[in-house]
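The two complexes that follow have chain A in common; it is paired with chain B in the first and with chain C in the second.
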Partner chain A sequence: MSAITAHHDDHAHSHEPSFAQQLRSNRLGLWLFFFSELFLFAALLVARFFLWGGARPELSQVLGLIATSVLLLSSFFVYRAESAMAHGDRKTFQSGMLIAAFLGTLFFIGVVFMEWNIFGLQGEIAGIELFGHLKPTDGVFGAVFYAMTGMHALHVLSGIIFLLIVWNNGRKGHFSSEEHWGVEAAALYWHYVDVIWVFFYPALYLIGTAG
Partner chain B sequence: MNTLSIWLTSAYVRGLIGQIIGTAVGFGFITAIRAVMGLDTSNIEPAVVFGALIGVPGSLLGAGVLTDWIKWIFGKKTPLRHGAPEGKPEWSRYINVDVNHKVIGIQYGFTSVLVLLIGGFFAVLFRIELAAPGMQYLTNDNFNTLFSAHGIIMIASILLGVGAMVNYLVPLMIGASDMAFPRLNAFSYWVGIPAVVLILSGMFVGGWDTGWVGYPPLSLRAPLGVQLFLLGFYINGLSSIAGSINLLVTVTTMRAKGMSLFRMPIFVWAAIAASIIQFTATQTVGMALLMVVTERTIGLNFFNPTTGGNPILYQHLFWFYSHPVVYVFILPGLGVISELLPVFSRKPLFGYKWIALSSLGIAFVGFLVWAHHMFTSGMNDALRIPFMISTMFVAIPTGVKFFSWMATMWEGKLSFETPMLFVLGSISVFLIGGVTGPILGTIPTDMHLHDSYWVVGHFHSTMFGGFVFPFFAAVYYWYPKISGKMYKESLGKLHFWLMTPAFWLMSLGQMRAGLLGMRRRIADYDPALGVETTQVLVTVAALVIGWSVLIMVYNLISSARSQKMAATNPWNSRSPEWQIPYPVPEFNYDAPFEVVGDPYDYGLDGSKYVQTIPMPAVGD
Partner chain C sequence: MNDKKAAAYRLGFTTLGILAVLTAVEYIVGVYIPNPAVWLIILALVKAGIIVQNFMHIARLWREESH
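After this line comes the complex of A and B, so read on.
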């Protein structure tokens, strides 16, 4: 069943969408993806309010606040990198992307290695505990906390990888001030993951009574 | 290269090998870690789950779906590749990764029918078991696994069928050269294959007894097979999300000149409404499924009440997707009905704008009714009445469609070729499904009928009327466009006249059994219920439906081999895809067209829907 006739490559190019049209499609597609992911994160927030109600677990407030600040700060550097690329300033672009990826990694370490404490570490500085106590098997507190931070950390991790890919391709000169959809997408994705945390952080650390 | 070696090096075989290797790697990795940590390695469940997850990228890598994207990571630009793989014949496009929406649409269609036959075969197996009380040749566990697999396999088949229609038709109908993201389109199809493999393999590692809903706490205690079912279901969701985003972008940015929203063929509206549901609600069921997987695998406790969990949470998240998803199934089906009726009635579609907006209306109301599945679940009583009322609202946009169909046919010049017969069949069957719905949506009657065979009868008539009949209508209708040949009308009519009365009998028989007290999802029943004759009739009807579908498969295959070409526009349709001769060019329209009138002005002298834009000579 051969329903389609093949064409030569030069003919194909005349049918492929222009960069401007493809950019329009890419932008819309990315925003629809964000909207779709909103339902994923909303489902987690529903689980949090359904199962925890007005209670929340005992968590290290200092650790949560520092991790949140680090993540918010990273968005500034991503923005700086993106606008540098738009102005053709490749040096600022590279440093911005690297700093953002570094801050994202700090956030990831703060959640996975310190708050989750997967290696069972202990220690404190100036009376502040550095490592969390909550275990994934600690009833609904553990379940929802690990599900929400885990799903978010997965997005942070993919975001870091995305930033590094874009940084590497930018370093090799694959983007220009006019055509840098990859940079734009990575930056938007990073801001998006950041904004999700703005809703997750109060739901986990602030709303409700501890204990 | 001979045919066998082309098949053996096809993306299906490479994907399967990739999935097996990926699964083995994931399984070995976790087993090794658990052994090093001194954990009990006789519990293979975590390793199986991780293996199943790694198997999916394994399959995609093996098939070659990810090749271009991996090159992008390293900064290589890759042009879209068109045509058959290097040194292979043209037909091998269909068994390899291809980015053309028509190829992908046909791949979806083939897979859908194949999966439909598998799911139907399961149904026949346990339907024969139910023909008499007592256990004949299945064990309880086999029965449970078979009906559970029937449910989810059929849903996979329907989603593939929707993918087939949407992928093949929408770019052609709106005058686009392809989908907006051709590679993502290929991904959407190919990620569904390991999902189906996962679900089917779940049947061989203990099966599962939860039905397709997978409610905890039962799913927390079910055999290992339930994990593969949950993961297969989840992976299928990725296909839905990627495909629906692609469709929405395509319709937004790639319509032909002059094709305003209310001048699109009506099927496109149905595809939009279905996609809106797919790309949002799928995420919540994905989360619900993951919660069960993580609760079983790493002990996160969401659903165990002794430590504060609540199984009702699963039902809310599950039905927030799984109610709207039935509209994902039926909206494209109802779109096909609205698309075909004017062609076979030779009259304008009655109330185009109302039909278009009623699709969006059904999609919107669909988000507000999920808890009507949970009237007996023990959820908060205050939710019952609002959800009963919102459920009744579904009847309004659905009623709009029914009245439009009646008015479209009214005083039309009807002709009764096979596609039209299936359209009329779907209206009759969907009506049965429609009028039996409010009885379930009303709280007092639902208390009585919940989990009875009445539900089975209602559900199957909505699915057959809303998807299966229209899908078959679409298959027959667009068959000449896809294959260039005409199917055999006599066999098509035989298919219809076997399937439709058999379906009425099956559906009404199921409802009768339910009214008499037959419960759903049980392998055996009390002869004192007085449902034995009904059960025999339902089983015979199911067998007739099965044979009639095989007749269609034979018809499609044997007609494709005939030498006689079909006419370019055998139905005298005004839709743009019928204005170009077979075969459709790689990029659909060699010369772009412009919309100059309304799509369904059948019978209006001198009216035109599309006309080709005269092109200046291009020197290429």
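After this line comes the complex of A and C, so read on.
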């Protein structure tokens, strides 16, 4: 009986995919997820160009530039963290993930507290307006702006949580230089969120005449 | 620091530098050039391509490799 069981176990193990096979499947699955999400973001972009046309709301272009720079910088630190894990450099991995999560939080605060201005604040530094005036009820400008930035901010928030979970798991020694799919997945997701903003930033802040 | 790690970090710095320059150009084009839509879309596509290629390693999808 035990011989039959052992034979059955061997048979089951021989059908288990290798780590490399699992990794290929995981990567393909994640990229397919990105592709499916692309339809959502593309629809928002189409809505912006269809409804706004050659106009755009009065927004602080400098604030948009700063937010974009912060997000790009966070992508760099995520890349650095992933590269560090791939080469067994845990210290750089942990610092990279934490800095990226911090910069992501700064971006999120920039959108929610400054651009959305949920507390109705006012202020400026060196002539740069720090807080937005646009409300969700301000016609197509407000509706499209809040739909685009809201959907993106939701992804930023989930990305920050993802980065922090991976950072914590890395701290506990859950990843190695050979096997760190979790780190790669979090990094890919974060870069994807960055890529979406690369298109949203000019569409919201730079294209069209303010009015 | 081994060569592969140094090369990976160097790629990160180079990519960040290129993205910073393109973002600055994007801002200048958007603020100072009339009807900048086409230029801005081209710049966004270039920036996205660089991120997808250098940070997201899209080539891994069709390469036989582990980590």
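The working rule: the second predicted complex is superposed on the first by the 195 of 211 C-alpha atoms of A that agree within 3 Å, B and C clash if a C-alpha of one lies under 4 Å from a C-alpha of the other, contacts with A are read in each partner's own complex, and residues count from 1 in each chain.
Everything that follows uses one rule, which is that contacts are C-beta pairs under 8 Å (C-beta built on N, C-alpha and C of every residue); 3 or more make two chains touch, one makes a residue touch a chain.
Fair warning: this is a prediction, and the values are worked out from it, not measured in the lab.
**Student:** Should A:F50 be classified as contacting the first partner (chain B), the second (chain C), both, or neither?
**Tutor:** Only chain B; A:F50 stays clear of chain C.
**Student:** Is A:L32 in contact with chain B, with chain C, with both, or with neither (first, second, both, neither)?
**Tutor:** first
**Student:** Regarding the shared-chain residue A:G142, is it in contact with chain B (first), chain C (second), both, or neither?
**Tutor:** The answer is first: A:G142 touches chain B but not chain C.
**Student:** Using the touch definition from the top, say if A:L40 reaches chain B (first), chain C (second), both or neither.
**Tutor:** So A:L40 only meets chain B here.
**Student:** Going by the contact definition given at the top, which residues of chain A touch chain B in one complex and chain C in the other?
**Tutor:** 28
**Student:** Flag every residue of chain C that touches chain A in the complex, lowest number first.
**Tutor:** For this pair, the touching residues of chain C are 2, 4-5, 8-9, 12-13, 15-16, 19-20, 23, 26-27, 29-31, 36-37, 40-41, 43-44, 47-48, 51-52, 54-56, 58, 60-61, 64-67.
**Student:** Touching chain B in the complex: which residues of chain A?
**Tutor:** 1-7, 9-12, 14-17, 21-22, 24-25, 28-29, 32-33, 35-40, 42-44, 46-47, 50-51, 136-137, 139-144, 146-147, 165, 168-169, 172, 174
**Student:** Where on chain A is chain C touching in the complex?
**Tutor:** Interface residues on chain A, with respect to chain C: 19-20, 23, 27-28, 31, 61, 65, 68-69, 72-73, 75-76, 78-80, 83-84, 86-87, 89, 177-181, 184, 187-188, 191-192, 194-195, 198-199, 201-202, 205-208.
**Student:** If you look only at chain B, which of its residues touch chain A in the complex?
**Tutor:** Contact set of chain B toward chain A: 73, 75, 79-80, 82-84, 90-91, 93-94, 100, 102-103, 106, 177-178, 180-181, 241, 245-246, 248-250, 252-254, 279-284, 286-288, 290-291, 294-295, 298-302, 307-310, 313, 316-317, 320, 482-484, 560, 582-587, 618, 620.
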